[in-house]
């Protein structure tokens, strides 16, 4: 079965926001080691704007929720802000009233493609794309196998986490981390880690 | 007798130029003590321009010679340049083909008046006026008495020199020297000294 | 001790400056505070292709000073030296759109390219026709095949002026965009700094120069250039800037150029006039005719001292559009 | 080590800059090298009262940048911070004269007053009708009864603009002069420096400021002002400048002003825009209406950092003449 009334998009985003609030200084630390150290700040400011948008116009519709997320990121500086903005925008476009595995597969596939087109990064360039592409692949596989939304998102989260972990040993080819050469090795890419956190938040329990 | 063919205006100016060349560093020194130290430079540059003008368009006519002197001073910076320019201009205006005592008296009287009007200095303000006014007075007296040009100019030179000497004990009320207060006391005003040198040059022998 | 500036709070610096600019030109400009942009006071009339540009602040009068008749319809300023957001750009494009499509003029910097590309996609989805002209005139960053390409600097003024004139005359979007790309292809710039610049609220210049040396090949964000050279009389420095520009454009005797002698911020008008004199002497010697010159601080880098020289190979069409009337805070004729 | 500048030889600096300016504006200006002045390219047409101004260089765009249609007919630049000679002024007046008399606009400095007065006598002798407007707007030098009086600073721009417009419209010499004197009576200025300036070729600024202090009441020749004040946010500094100006003019609620927020040289456009914002906030609070504003570096003091604020009590005639078309290198609308 594919439909889900049990997955509240709003709750998913709330858990994501809570996770980022918990981890933001670690994310910034990663950007400091291999970038300019503003990543956590950029991300938090986008998510606080998201929360404000959602509180101002409460809605449970996946489209409305992801539009609010996308708008907030597009209103944020840095490289990650606009890329995440366009990534989330594909979720808003693809998801209807109900969140289905196949709609998620379409969303994640289109979303990864948009980010790759705009950022010109391939898998292995040590960016958020290293988590986005395997997650999209996992959702597409899940849709092919007809598994339910929760299972599909759990698989996507595992794939994204593995993709993020794989960035640790890479040299960066895109973004500011590419300027620091060997110094980026040993540092997980915070953008990729954020993608993993996002999928993880889908199936987590609500935060305490 | 009043007419003089023996006084060559051109030779007078040449002697004046030579005197200034000899004394210019002393004049500058006086301006350094009670001003900004550019007086000798200003004066020499005006007189070199005068010499160039006179060489370019040689003329013995008093009007032409004094016009050349006046133009050169009016083309020079500092406070002294334009004031001397207007002073000499009255000589150009008043002197005809022949230099007479009465024409010199008119010239020097008008010239001192122009400088006083423009510079707003009275006798006793420690400026060139302190030599110009007594010299004009001496020439006016000489004209009243009908004395010859050489005698008249010698009297003017003595009066100017006395006027210049009188500035030594004064506090300056005009020009940059007025900014230095008591420090100007004991310093002869270089502008007044120059006026004395000018009249002295009229009756001097040609320089060696 | 932060550098002495007329400033309240560094975080409010740009937005307060926008207010101040708008209040000085109420008949030309409208200011939208959030998201921040400036738009022509008569925006909304459905009659022409609209031009929108923007980028980090600190380069004033670029771009905000070029909003008005015959140049930009809107300018979108980011924070100092930081790109505006895609959302800001979208809002400005929507406000500027006058029914005949929008030309985005983008200086080639990663953040600007990213945010303007995204904005272009967003407004295209909203049904507004968009074209983009990417300006990449800076010769100092030429020749790196794999990198981000040449930076965009003072040639952007020529692009905005010429495209703005064509749009004002009624040219269509494709034509205006094509013209803009042709200006970009015809233009190169080289810059030098005598002294670097200071971010608002910071206490140090972005780099220090040893006695008797200048920084050659600088951009407009206070970054180091491509090398140190000896400080020399301007009659030697200007040919050092202009010669590579002439070579890169392949300019030959008898050709004409538009010349921009641009002050980087704290360079005095007397200095720029002397630099312009030296440029005309140099180009005269090369047999190159200066059809028009623009001399002044147009694309600044905060309080940097120095100048850039831009040459644009000029044909009659460029000169004609250059001469067309313009009425903006910083450029009017 | 002289300060880093785009310069060849300090002695040639001004004359090379004049050449560079003329070459940037060949259709507006003609340059006479010796004696040095700039005159309108169409000088000689016998049709209007001519305006001539000048003074020491280092204040650019003043005065050379204001030669053109609707403002000055000629500008006579001296060396940096030094008066032009009477002879230079006479030559400029003769070149500028267009058959209906000449208005001399003179900033109140001893050397300028002397040389312009002399030039006025010389050309009057040549049969040219001359009037002089003496500009003495600087409040910092007010109140010294016996001295040379208030200095002339940025209000000269308003005098040149308003008189220039009236002359261009055909007003006679007496009328234009009367208007100029009325502008002078209606205008006061106050300035502050965040950093002093450096003479071309010299290695030191004209004065040094201790940390956290600014120089209040400066003129435009790098001389010290009337006192040190604490460096403060611009929202505090601008009222410190504007309040005494409002008081000196006796401006009351409901009155209108022309406002000039003038950069002293190295002040960035963003800073001047913020200063303008603060001025409008302050005047709003006083119920004073800003009819028109001019914001930018118009009367500079080489590379000084800081600004001056000039207010001119504005009636309809002033505003109308202010708005009249002008076409010069530095001011065009």
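A few remarks follow.
By letter and in written order, the chains are A, B, C and D; residue numbering begins at 1 in each of them.
By our rule, a residue touches a chain if its C-beta (ideal position, glycine included) is under 8 Å from a C-beta of that chain, and two chains touch if they have at least 3 such contacts.
The structure presented is a predicted model; accordingly, all values stated were derived computationally and were not measured.
Shared contact partners of chain A and chain B are absent.
Here the chain-to-chain distance from chain B to chain D, counted in touching steps, is 1. Taking the CA centroid of chain B as reference, the farthest chain centroid is that of A. A separation of 29 Å divides the Cα centre of chain C from that of chain D. Centre-to-centre, using mean CA coordinates, chain A is 35 Å away from chain C.
Rounded to a whole number, the gap between the C-alpha centres of chain B and chain C is 59 angstrom. Taken as a graph of touching chains, this assembly forms an open line, each chain in contact only with its neighbours along the path.
Touching chain pairs in this entry, ordered by label, are A-C, B-D, C-D. The residues of chain A lying in touch with chain C in their complex are 71, 74-79, 81-83, 85-86, 118-119.
For chain C in complex with chain D, the touching residues are 1, 4-9, 13-14, 16-21, 23-24, 57-58, 60-61, 65, 194-195, 200, 209, 211-212, 214, 231, 233-235, 237, 261, 265-278, 280, 290, 293-295, 297, 300, 302-303, 305-307, 327, 332-333.
Considering their complex, residues 35, 78-79, 82-83, 85-88, 90, 110-111, 114-115, 117-118, 121-122 of chain D touch chain B.
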